[in-house]
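Shared chain: chain A. Partners: chain B in the first complex, chain C in the second.
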Partner chain A sequence: MNSQISIQELTRALHRLPGTEQTTERRRALQLFADHGFPGQREEDWKYTDLSSIAKISRTWLSADAEPDGPDLARIHAAMASIDAAWIVFANGSLLRDLSPGLSEPGVSASDAVELDVVAVPNRRDDPLSALNRALSRDGLRLQIKGDNAAARPIGILTLDAAQTAVSSSQVRVDIELAPGSAARFVELHLSTGEHEHYSNCVVNLVANPASSCDYVRIQQRDINHSQTARLNLRLQQDSHVRHAAFDLGGKLTRNDLQVDLVGQGASCVLDGLYFGVPGRHIDNHIRVDHCVGPSTSMQDYRGILTGKCRGVWNGKAVVHKGADGTDATQSNHNLLLSEHAEINAKPELEIYAEDVKCAHGTTVGQLDEQAIYYLRTRGIDESAARRILTGAFAAIIVEKSPIPELLGILNEKVVAELQKIAPGVVS
Partner chain B sequence: MLKIRNLDASIGDTQILRGLSLNVNAGEVHAIMGPNGSGKSTLAQVIAGHDDYVVTGGSITFKGEDLVPLAPEARAREGIFLGFQYPVEIPGVNNAYLLKAAVNAKRKHQGLGEIDAFEFLKLAREKMTMLDMDPKFLHRGVNQGFSGGEKKRNEILQMAMLEPELAILDETDSGLDIDALKAVAGGINALRDPARAIILVTHYQRLLDYVEPDHIHVLSEGRIVRSGDKSLAHELEDKGYEWLQDIASAG
Partner chain C sequence: MSVETENLEQLVNRRYAHGFVTDIASEGLPPGLNEDVVRAISALKQEPEFLLEWRLRAYRQWLEMTEPEWAHVHYPRIDYNSISYYSAPKSDKDRPQSLEEVDPKLLETYDKLGIPLHERARLAGVAVDAVFDSVSVATTFKKKLSEAGVIFSSFSDAVREHPALVKKYLGSVVPQRDNYFAALNSAVFSDGSFVYIPKGVRCPMELSTYFRINAANTGQFERTLIIADEGSHVSYLEGCTAPMRDENQLHAAVVELVALDDAEIKYSTVQNWYPGDENGVGGIYNFVTKRGDCRGTNSKICWTQVETGSAITWKYPSCILRGDNSVGEFYSVAVANNYQQADTGTKMIHIGRNTSSTIVSKGISAGHAQNAYRGLVRVMPQASSARNHTQCDSLLIGKDCGAHTFPYMEIRNPSARIEHEATTSKISADQMFYCRQRGISEEDAVNMIVNGFCKEVFNELPMEFAVEAQALLNVSLEGAVG
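Moving on, here comes the complex of A and B:
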C-alpha cells in the first residue's frame, strides 16, 4: 500500500508551519497519522474510494518544500460578492483576517484554535484524516455563537485553494460552538484554481448546546483536477436542531464524512445532499448518525445525478444505541444515471439496539421516467426540453429544501450551470 | 379533421389495431367504446404518437397532413391533446410551470410570443373555478399526491388551457365519484365548439349521460364493429359487450 507517509516527511512539513507550533497535540496527531497512513480500501468505509492519488499529491507536496501560492484576490472577492454573508476566508489553509469581516460579526466570538482541540467532539478526532488535519493545520479557527445572536445574515466560510505554481495541499479546521438557545446560519463554500493537482483536507466540528439551532449549507465547487476530503462532526445536545444541506458540484475525488451524534433528548437533524457526477469524478458521501438517546430524530435525503464514466458512493448509516427509545430515523438516496458508464454504490445501513424506534430507508438508482418524458411531449414540449425539465426537477427536490432560503437563487443558478455541463445534449 | 384508414398498429410483436377506420369532423363528439383489450387505449396512444406503438399499415391524417411521422410534441402543437387514463406524477415540476411551458410551446409554434404572466394566472384560475379545483393545485408538483379525481380534473385543466382542435380523452371517467364526474363533464362540455372535435374513450356509458356524443363506435379486436348514435350506448348497456363480440366473430 502506497498510502504511508513517513514521520520524517511529515515532521518536515510541521517545521514549515508558521510559528512552528509544535505542540504536544500536533505531535501526537502526527504520530497517529504516520502510524495509520491514509485509509485503505480494505477498510469497510473506504471500500469504493481509493486515496492513493491523494497520498501521491501529499507526498509530492511534502517533498517539494514549495511555498503555497498567494491568495487569488479577484476570485475571493467575486465569491464573497456572490452570496450575502459575513465571510471568513481561508486561502490555501491560511486564514485571511483582513478579508474576514465574519470574525467581527456581532454575536460571534472568534479566536485562534492554536491547540486545535478546544471543541473537538469526543471520540471523533482520531481517524487518520482528522489527525492529519490536526497535525498540519496552519490556522485553526474557533467560533462561538452567543446566546443572543439573532442569526441575521449567514456566516460564510470560504475556502479557496490555489495550485497555480505547484502541486499543493491544505488543511482547514473550524470549531464552532453554539451557546444554549442561540441560532446561527452558516454557508461553507469550497473553490479552487490552478493547473496543478491539489488536495484539501477540511474538518469542521460543531457543538450545538441545548435549545440551539443551526442552518448550514455547504457548497463544493472545486476544479475538476482538485480533490478533497471533508469531515463534519455534529454534536447535538438536548432540543437542539441542525439542518444541513451539502451540494457537491465540482472536484475530482471528493469524500465527505458527516458524523452526527445526537446526545440530548429532543435533538434533531435534517441532512440533505445533492451531488453531480461527471466524467472522471469520484464523489463519496458517508453519513453516520448516532442516536445516543431518544427521542431524537434524523432525516437523511441525498440525491445524485451522474453521467459519463464516473462513480458515486453513498453510505448513510443510523445507529440507534441501547436506550435511545423513541428514535425516528429515515435515510433516502436517489440516483439518476444519465449514461451507462456511470456507477453508483448506494447503501443505507441501520443498526438498532433500542425499543420503540421508527426507522425507514430507501434507495433508488434509475434513469429518467420515460412515461413522464412522453407525458410532457404530449403537452408540446420537446424531448430534450422534457429531459432537462425532469433532470432539473430531480435536483430541485433537494435545492428547494435549502435550510437557508436566501440561497435558493444562487443554488439554482449553480445547479443549472452544472446541469448544462453534465448533459449538454440533454440539458439546454 | 381526423381520418383514419385501415389502420394496423402493434406493440412489440403483438398486433392490436387491425384495419381500423374512423372519420372525425370538426364540431363532433365521438365516443369509442369496447371491452378491455379491444384496442381503445392503443388507438388513443397511436393518435398521440407514443413510441411503443408502431403503425404497420393504413394511414392517419390530421387536417389533411400525415400524422404518422410526427413526434408527439409536434402533434400536440398541431392541436392534438391526449387526456391520460393514468396521468403521470412529476414531483419537482409544478403544475403552473408545466401549463405555462405547454401553452408557450404551442404559442411559439403559432408564431406568438410567450403568454403574459398575469394573463396566464387569470386564465388558469378561471378554468380552475370552472372545474371546481382549488387554486393551490397550480403550485403543487404535477399530479403529485393528487387523488384519482384530482388527476382527471388536472387533465381537463390542461386541455382547457391548451384549447386543442382534437381532444382524445382516455378513460377520463374511470375512478371518478359523481361530483368529480360532473365537474369533468362540465369541463368537456365547455370546450365543445364547432371548430373542435372530441373523442371520448370509455368502457362505460356513464360519462355519456353527461357529455352527449354525436357518434358512438364500438371497438372489438382492434377494429370498429359497430357505429351508431347515442342510443347505441344504451343498447350496449342492456346487452353487454359479449353481444358485440358475437357480431364481430360472425362478421
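Moving on, here comes the complex of A and C:
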C-alpha cells in the first residue's frame, strides 16, 4: 500500500526529535500508525479524500533528514498583531515560549504534555493520524483554565509552518482542560509560508468540566501549496457549553475532524463553519457528535462556497446513544456551487438509538437565486455587485454568529479577500 | 387486567397470519452451488447457449467477490452451499393451460392469502403472473394483453419466445458484476417476469405478480425485466407474502427497468415476507437489487414501495436518469418491528440535462428494530439543471429501536438544485392524549398517526395497493405499543 510508511523510517524521525525520549506511549503510537498507514479511500470516512499527496510529503520529509526551517518571525509578529489575543505560538511544530504570552495569562496554567497522555478522550486515541501526531509531536502543551475568563481577551493558538528550503511536515498537539465552572475563549489561527510542500497534522483535545463554557474560533488560512489534517476532540460534561466556529479560507488539502462527546446531562454545543473552495483546493469537514446522555443539544451549521476545479466534502453525523432521551440535534449544510468543475459531497447522517429525541437535518446545493439578482438589478445595482452582495450575505450568516464578537472585523476582512479570489472584480 | 390490555396482549401474541406451508411435492436440486448447479438450472429450463454462458460468467465473477458489510444490518454468515438453488412445483411438468387446470392446492394457497386469483384478476382487471416458488404457473389475461402487443410472461417463456429482446436488455441495467447479490442472482436466477410494452402503447391494465416462497431451504432468485418502448406506459405491481418458517431464507432478486423515449414505468411493491417471530428467530433475508434506466428523453420511472416484512431488508431501488428531461421518483414506507432490520433507500444518478428526481422516504421503527435510510443523489458534470428534492422522515415507537439516515449527495454541476431534509421524532404524548381523550384506543390511535405519517407515500400507490398497504401497516405494528 503506497500510504504505508515503514516503522524504521518513523523511528529514525523520532530519534531526530530534540529532547524527546522514546516513551512507551510514543512507541505504541508509532507502531499503531505504522500498522495502519494513512487512511485510504476504501475507508468510509475517507471516501472522498485522497491522502496520497500527504503520504508523499511525509515520505519525502522523513527521508530528507532535514532540520526544519527557523520561524518566520516577521510573519509571526504580523499575525499576532492582527488579532488582540494572548498568543501561544507554534512554529513548525515547536512551541516558541518567548513569543507566547498566553502561557502566563491569568487563569491559565500551562505544562508540557510530556507523556502525551490524552486526558480527554481515551476512546479516540486509535485513529492513525492522532497516533502519528502522538508519536512525532515535538512539543505538547497542556493548558488548564480556571475561573471565569469570558470577558478577558481570547487565548490565541498560532501555528505557523514554513517550508522555505525543503518539503516539511509538522505535528502540533494541545490539550485543554476547563475546570468546573470556568469559562474561556480561544482563537486558533493556522498559517503557512514557503514554496515547498508542507503537511501539518494538529490535534487539540478539550475537556469541558461541569458548568464550564468555551467559545472557540478556528481560522485556517494556509498557503495553497500546503495541506493540513486537524482533529479537535471535545468532551462536554454536565451543563457545559461550547460554541465553535471554523473558517477554512486557505490550504490545498484540508481535512478537519471535529468529534464531540456529550457525556453530561445538559451539555450543549454549537458548531458552525464556513469553507471556501477555490481552484486546486480540497476541503473536507467531518463532524461527529455523540449524544451519550440526555438531555443534550447539538447544532451544526456549515456553509460552503465553491468555485473552479475544487472539491468540498461535508459529513455531519449525530449519534444518539441508547438512553440519551431528550436529545435535540440539528444539522444544516448549505452549499453554493458557483462554476463548472466545482464539486460538493455532502452527507448529513443521523444514527438514533433512543426514543425521545428531536433530530433534523437539512442540506442544499444550489446557485445564487437569479430572481434575487434580478431584483437587485431592478434597483440599479449592477450584476457583479448584486452577486457580491448575495454571496457575501450567504457567508455572513456564519460570520455574524462568530462566538467571539471581537473577531467580526477581521473575519469579515478575510472573507471579503476570499470572495475577491473567487470572483475577481466582483467584490470591491 | 383490563379488557383492553388483554386484547392488546392477544394482538401482540398473534402469529403471522400468512404462516402455513402448502403441501405440494417440490422438485428441486440438492443444496450446494458450483458450475454444475448453474448448468443444471440452465438445462432444466432449456435455455439457449448464450444464457448459460451469461450465467457462468456471473458465477465466476461472484466467486471473486466478497459479501458486502457496509449496510447497517447484522446477521450470521450465510452458507451459500447449504441452499438449494432450484425448486419447482411438480405439476410444472405439464403446465396448466388455464386456471381450472391449476393445482387446486395452489389455488388453496391463494385463498389463504386472501387473493383469490381469478376473481381478483377479473374484478380488478389485473393480469396475474403468479410465481409459486420459482416457476410461474398461471398467467391470465394474456390474450387481452397480446392484442395490445404487450408481452407479459414468465422469464423462462420470454427466453424461449423472445430471445433477441432478452439478450439485448438482460444485464443492461444491472450488470452481472454489479454487486455480490446481483452476481449470485445472475448465476442462479430461477424465474421471474418479463414485460415488453411496444412503442406508443399504454398497457391496458396494471400488471401484477405475486411471489411466494414455499419449499424449505430454497433461496428464491427472481429476475424481472421490464422494457417500455418509446411513448409507452406501464404500471407494475409486485406483492409478496411468505409462510412461517424458523430458518432464514435468502431472497436475492434483481429487477431491471428500461424506459426509452417518452416512456413511463411505475413499479409498486408491497413486501410482506415473513419477518421472523417476536424474538427475532427466522425470517427472510431480502437482498434485492432494483434499478431503472431512464434511457430515453422525457422518460420517467417511479418506484413506490411499502416494506413491512423480512428479517433483513437490503434494497435500494434506483434510477439512472440518462435521458434529457427524464424523471425519477421514489416513494417508500419501511416499517420495522420486533428484531427486523431494514437498510433501504434509493439512488438517483443524474446524467442527462434537465433531469429531476423526488425522494420521499418514511421509516418507522418499533420494538428492537433498526431502520436505516441510505440514499445517493449524484449529479454528473454534464447533467445541467438537475433538480432533486429529498425528504426522509423517521418515526420511533419504543425505546429499544433505532432509526438512521445516511444520505449521500455528490454534486458536480453548478446548475444543480438539491434539497435534502430529514426529521426524526416519536409519536408525541400530546397526539396520543388527544386521540385517547376522544375515546380512540391506543392501538387505533397509533395506527391513525402512523397512517397520517405515511400519507404522502400512500397517495402514490395504485388503488389496488393503497388499502392493502394500510392494513399491512396496522398488522405490522401490532404489539408495538402498550
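Just so we're on the same page, the second predicted complex is superposed on the first by the 418 of 428 C-alpha atoms of A that agree within 3 Å, B and C clash if a C-alpha of one lies under 4 Å from a C-alpha of the other, contacts with A are read in each partner's own complex, and residues count from 1 in each chain.
FYI, contacts are C-beta pairs under 8 Å (C-beta built on N, C-alpha and C of every residue); 3 or more make two chains touch, one makes a residue touch a chain.
All of these numbers come straight from a predicted model, not from anything done at the bench.
Colleague: Touching A:T24 in the superposition: chain B (first), chain C (second), both, neither?
Modeller: Touch partners of A:T24: none, neither chain B nor chain C.
Colleague: Based on the superposed arrangement, let me know which partner A:L376 touches: chain B (first), chain C (second), both, or neither?
Modeller: first
Colleague: Pick one for A:Q8: touches chain B only (first), chain C only (second), both, or neither.
Modeller: neither
Colleague: Which chain, chain B or chain C, is in touch with more residues of chain A?
Modeller: For chain A, the partner with the higher number of touched residues is C.
Colleague: What part of chain B is in contact with chain A in the complex they form?
Modeller: Of all residues in chain B, those touching chain A are 48-51, 71-73, 75-77, 81-82, 84, 87-88, 90-93, 97-98, 101-102, 105-106, 109, 141, 158, 162.
Colleague: Which positions of chain C touch chain A when the two form their complex?
Modeller: Result: residues 70, 381, 394, 396-426 of chain C touch chain A.
Colleague: Spell out the part of chain A that touches chain C in their complex, as residue ranges.
Modeller: Residue list for chain A touching chain C: 44, 322-323, 325, 335, 337-367.
Colleague: So in the complex, the part of chain A that touches chain B is made up of which residues?
Modeller: Per the touch definition, chain A meets chain B at residues 369, 371-372, 374-383, 385, 389-390, 392-397, 400.
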